[in-house]
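Input: structures, listed below.
Both complexes below contain subunit A, partnered by subunit B and then by subunit C.
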Partner chain A sequence: MQNPLDTLRKIRQAVENRPAELETLKAAGAKVVGWINYNVPEELILALDLIPVRLGRGGDDHLVEHGSRWISTKNCVYVREIVGLFAENEDPYVRAADLVAVDATCLQVFRTGEVIRHYFGKEVAILGVPRNFHTPEGAQYFRHELKHFAGKLEEFSGRKLTEEKLAASIALLRGIRSTLDEIYTWQAADNALITWEETLDVVQAGHFLDRTAYLELLHELVAELQEKQATDEIHDRFEEVRIFVSGSIIPPGDRKIIGILRSLGARIVGDDLWSGLAPQLNVDVKAPTVDAIADAYLARVPHGALPYLDLETDQRLANLKKLLHRFHAHAVVYHTLRYCDPYTFKGNETKQVLQAEGFPFLELHTEYAGSDYEAVRTRAEAFVELVRNRNLIEA
Partner chain B sequence: MSTAFELENGIFAGVDVGSLGTKSVVLRGNEVAGKVIIPSRLNSEEGGQEALDLALEDAGLVRSDADFIVSTGYGRISATYANKTVTEITCHAKGANFLHPNVRTIVDIGGQDCKAIRIDKNGAVVDFAMNDKCAAGTGRFLEVMANVFKVPLSELGDLSLRATQAIPMSSTCTVFVESEVISLLARGEDPANIIAGIHHAIANRVGGLFARVGIESEVFFSGGVAKNIGMKKAIEKALKVTVVQPVFDPQLTGALGAAALARAFAAKEAQARLASA
Partner chain C sequence: MSITTTEKPIRKLFEYPERLREAFIQTPGITFGNGDHVTASEIWDYMTLEAPVRFPHSFDTSNANQGRLSSDVEFFGGIKRTWFSISLKDRALRAHENGVPLVLTQGGQTMEPYYAAGGIPLRPGLVMQWARDMQEGLSLRESDARGVEILESGRNRVSIDACNQIAAHAAIDNGVVPISLVAPYLALRCSDMAYLTESHRNHKRKLPMHLVDFPIDQVGKPWAADLVATELRKLVVRISEFSGKNVTDDDLWQNIRYANTARGLAREIHYLVWNAPELPINSSDLGGIPHLANDFMGDPVATLQLLELIRDEVKERILRGVRGAGVHKDPKRLFICGSCVGPNQQNVERAGGYCAGRDDSWNLLTLEVEEKGDPYQALAKSILSYPYEQPTEKRAEWTIQAVRDSKAKGVIFMYQWGCNYQSGVSRMISDIVKEKTGLPATFIEVGELGRSEATEQSENRVEAFLEMI
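After this line comes the complex of A and B, so read on.
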């Protein structure tokens, strides 16, 4: 069924037009920074009048196989597909990237940066990330790393960062993040006009689009929702199976488990994915300086690869619990990619914490190949049966 | 179906289309009236229909006598003959609960997967874990091993009980274990010790699943591999539990659970009709 929201169509169209738009901009002298991972601050890229593009796709086993020629098969399929994208060199954003920026949050992605530089001759800038964010030494290290990284970007752009430009880019990204957060409330609401799947597409459109034009589209989308959707209130609605998705990355192109859950009649109502809502939360840059950006990135919801903390202070788990209540989720599907060690390792602990809070939890361990489709579907279906039974009792 | 009498005397069938075997159980009310196990066919729908008809025949019935049919197993998606399809995880839980109401933990080892399931007092699934896409720890794995030793699958368990020690397997991959077993045989190791090692390797994989879902009280062992006495002993040792003595063919647990669910669904539909009348 066609979604009645006009803005969604406009966003899709904008994404379709973007590769050609980038070509025109590059022909006129613009430079593109393609970035991968979690902690590269787009604030710096935008403040230097560079064009940020978040690279990486998923769901294509052919590219995974291609990438496996250059990086060990003991890396996750997302990483191998990124290498495959560079090896194939047909993706318009990979082709457009004049510089690839990679932060060392997930160490497999960090290694990918080295592989890209070594085998495909791309200029790569690496941003070091501390393994423990919560010590003064860790914070100091990241400030130094970010200054060094900013210096590389300045050199690459031929410009200097200014307070004025930083203030503008910080404000722009703050606007994008808060508007996306607002759209997440709309998608989880009763009788929502936008689904979570469409919301994820909107988030990921932001990987590619011009950030100023993107924010305008997001404002337009919220205005349209306010006009056409009766309420943004969220209730439990036990006749639904309301699923929250957590775990490994679900990048553009990978819709395997989402498709399975939808085919089973479950409704996804939220996520804390690093390709979804997580990067939009708790980024509070207090001043237009590189140090303030470093501090803000360290203080936000951490990626699963960082850091391992005791349960009382783990922000990732605290955030996850908060979101489950915010979206009135009934249960959690925790998606892990094969060889995604950070999220797989933390799966059991996350399960114990959430089950203690009364949330049924299912880990779906998979990759992009279709060979395990039915096995994954059986697990998901049994889980939906379990949640439905519980809801019948609750209702 | 609208009265308690009809529910007690109705015909409810479950069909479990697995990767190696297709099973069907027919209940008359709450009692088993017919059952059958046949090798799975390439066409899972035809295999399911055949098993269903044979189980009905075993009960002295025909298809039109069945009041409600539930299909399960990997072939459930192409079961046009069924009123409803349910996953094998839910069906094994229901079947185990039907046979042993006090059991809260189930290990199911079928042809192509193994599962650790925890249930509540009503037989509803509380938590579960399944092996990922790999034949190690499944019935198929044992079948390959039986071929290596050139013994019938049914004798593998008894052979393992003659072991003086279980030789550890360094690999968990079916293909590599096959090579490892051939090397061990060439080195002159006692086949019984190797077979015991294979059983313990599978039991340890099952143990990995239970590390995720936990174990409560006695364990019910379902699926075709539950007929293997060596596997039962290996699981008891690895999980430090007691496996309950089967009172019904464990390979039929899923089909039995499907039949029990067919009865429950029929009851629910009857209630809904009465309420709207």
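After this line comes the complex of A and C, so read on.
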């Protein structure tokens, strides 16, 4: 059934048009910065009139195999596919990227940057990220790193950062993040006209689109939801199986787990993925300066690759619990990619923490290959059935 | 359910020949930092009478034994180094009883701050071995089975994707070994360590933890040194909370001097060996030196004496034209890259090869801490210059020099199953080395870190590589 929201069609169309648009812009002298990982601030890229594109796709086993020739089979499929994208050099965004920016949050992605530089001749800029991100010295280090990184971008662009430009880019991205956050509320509401899957597509459309045009589309989408959707209120609705998705990245192109859950009649109502809602939350840049951007990025929802030793005050888990309640989720599917250590190593722990809060929890450990599809589907089906039965009792 | 077997295979254990006793006991003993002295006679008795009974697996002579004792029974420095290593268990337990904090670290990092703060640092490999040895009298198979049991308990608790070093964390978590604090440097060579340390926060045993940040892509960044210097200060304070020691800058300087001297001695030994007309010691004896020089095995003072003894003995052997036991005439020298794992050295020699060096351990020896200014800053600057931890293309350039220095004829990059961080650049380093030296280079994945058996697959591949050379 076709979604009645016109803006979703517009967004899809805009994404389809974007590669050609980028070609035109590049022909006119524009420069594209493709970035990978979690902590590269687009504020800096935009303020230098560069075009940010978030690189990376998933779900294509052929590209994974291709990438494995350059990086190893002990790396997760996401980074292997990124390397495969560069090796194949057919992805329009990879081809468009004049500079690849990589932050060292997930260390496998950092290695990916090294491989890309060496084998595919791309200019790569690395942004260091402190492991002890929550300490004053970690914050001080990241301020220095970001200044250094900003210097590289200035050199690359041939321009200097100005307070005015920074203020504008900060405002633009703040607008994007808050509007996406709002859309997440709409998708989780009763009788929502937009699904979580469509919302994830909208988020990921923002990896590629012109950010100003993207914000306009987001505003348009919210206006349309306000007009056409009865409510943005969220209730438990025990007749549904409301699933929250957490864990490893689910990038554009990877819809394996999502497709399975949908085929089983479950409704996904939220996520804390680094390819979904997490980067939109808690980014509060207090001033148009590089230091303020550094502080804001370190203070947001932490990535699983950054270790934190106190379970009770872990902000990633606190955010996860908060979102579960916000979206009235009934259960959690924790998706982990093979060799994605930052999230896989936390699987059992997260299960214990969330079960103590009363949330059923299923870890699905998988890759992009289809060989385990039925095994994953069987486990997911049993889980959905379990939650459904539980809901019947609750109801 | 325990998978430890009870049947003891009948296998002859390695023995040091009695005919050498007299000469051995005439050599100097070792004096520890606390003034205790062990005579050569006591060392001989330990290695011939006590240790074979307590740790028979170490004396197993089968090819499968990854940690087989050096067959060079006339290399007395090697025997003493082995004694120092095997007896670490007793020293560590004694230290623990005396209130000395035992600290789990990362492999491939400096240890000066730990000793300066009154602790004993132990890398995962040592803890894994120690955990197996907490049950004595085990054959090789029994020891291996015990190690696997500990390993799998960790995987069961954390993740099946973890590399074998999880066995060290599991041993601590299970209370097999009395570690006081887990406090590694992070992002050095390994990404698992951060997540494994973090995983202790949810375990029943509430274990103190501390992380020392090591920034990557650190070249030419003074703020990276500032961060590490601060991190080292905090580390020392944290350890001193356990040791009760009031740590001064002089304490750190003293340990920096120990370490500089030890690394210098180990470098000297390597160059003596590499440049000798006949290789004076075998791969096992050479391969044990870097870890000794970097880790100190619980006692810096004793370590320095051992290194001096070894250096002098190597010199003397070169003068006499002695070739290390088991070494072929003009063997094909291999340089090994990658962390934590390496080929079975004795099997390499049997196949006509020689393990001339390893980048991760040789890298440790290249460190020279400038002995002036603030000791934390000096140490921070120095460790940020670890060649092994540089951007990979730069690291490969350094590796090429090490390959040339060691006169290697082939390069093998080995990584352990589950290692994301080193495996990711195994091909890149192999390719760069191959391209710039013209030497054959390959990369091999193994699954045997901390294992003694089931190593045939990797041995076959190493032997095939040697054949090709």
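The rule is short, and it goes like this: the second predicted complex is superposed on the first by the 395 of 395 C-alpha atoms of A that agree within 3 Å, B and C clash if a C-alpha of one lies under 4 Å from a C-alpha of the other, contacts with A are read in each partner's own complex, and residues count from 1 in each chain.
Heads up, the rule we're going with is that a residue touches a chain if its C-beta (ideal position, glycine included) is under 8 Å from a C-beta of that chain, and two chains touch if they have at least 3 such contacts.
All figures in this text were calculated on a predicted structure; none of them were measured in a lab.
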| item | value |
| --- | --- |
| Subunit B versus subunit C as contact partner of A:Y339, first or second or both or neither | second |
| Touched partner set for A:D49, first subunit B, second subunit C, both or neither | neither |
| First (subunit B), second (subunit C), both or neither touched by A:A382 | first |
| Contacts of A:K351 with subunit B and subunit C, given as first, second, both or neither | first |
| Contacts of A:S371 with subunit B and subunit C, given as first, second, both or neither | first |
| Greater residue coverage of subunit A in the superposed arrangement, subunit B or subunit C | C |
| Which superposed partner A:K74 touches (first subunit B, second subunit C, both, neither) | second |
| Common ground on subunit A, meaning residues reached by subunit C in one complex and by subunit B in the other | 338, 348, 365 |
| Sites on subunit C touched by subunit A in the complex | 157-162, 186-187, 191-192, 194-199, 201-202, 209-211, 213-218, 221, 223-224, 226-227, 230-231, 391-393, 415, 417-421, 423-428, 432, 445 |
| Residues on subunit A engaged by subunit B in the complex (per definition of touch) | 338, 348, 351, 355, 360-361, 363, 365, 371-372, 374-375, 378-379, 381-382, 385-386, 389 |
| Of subunit A, residues touching subunit C in the complex | 69-76, 79, 104, 107-108, 110-112, 114-115, 117-119, 126, 128, 130-132, 137-138, 140-141, 144-145, 148, 305, 307-311, 338-342, 344-349, 352-353, 365 |
| Subunit A-touching residues of subunit B, taken from the complex the two chains share | 74, 77, 86-90, 113, 124-130, 132-133, 211-212 |
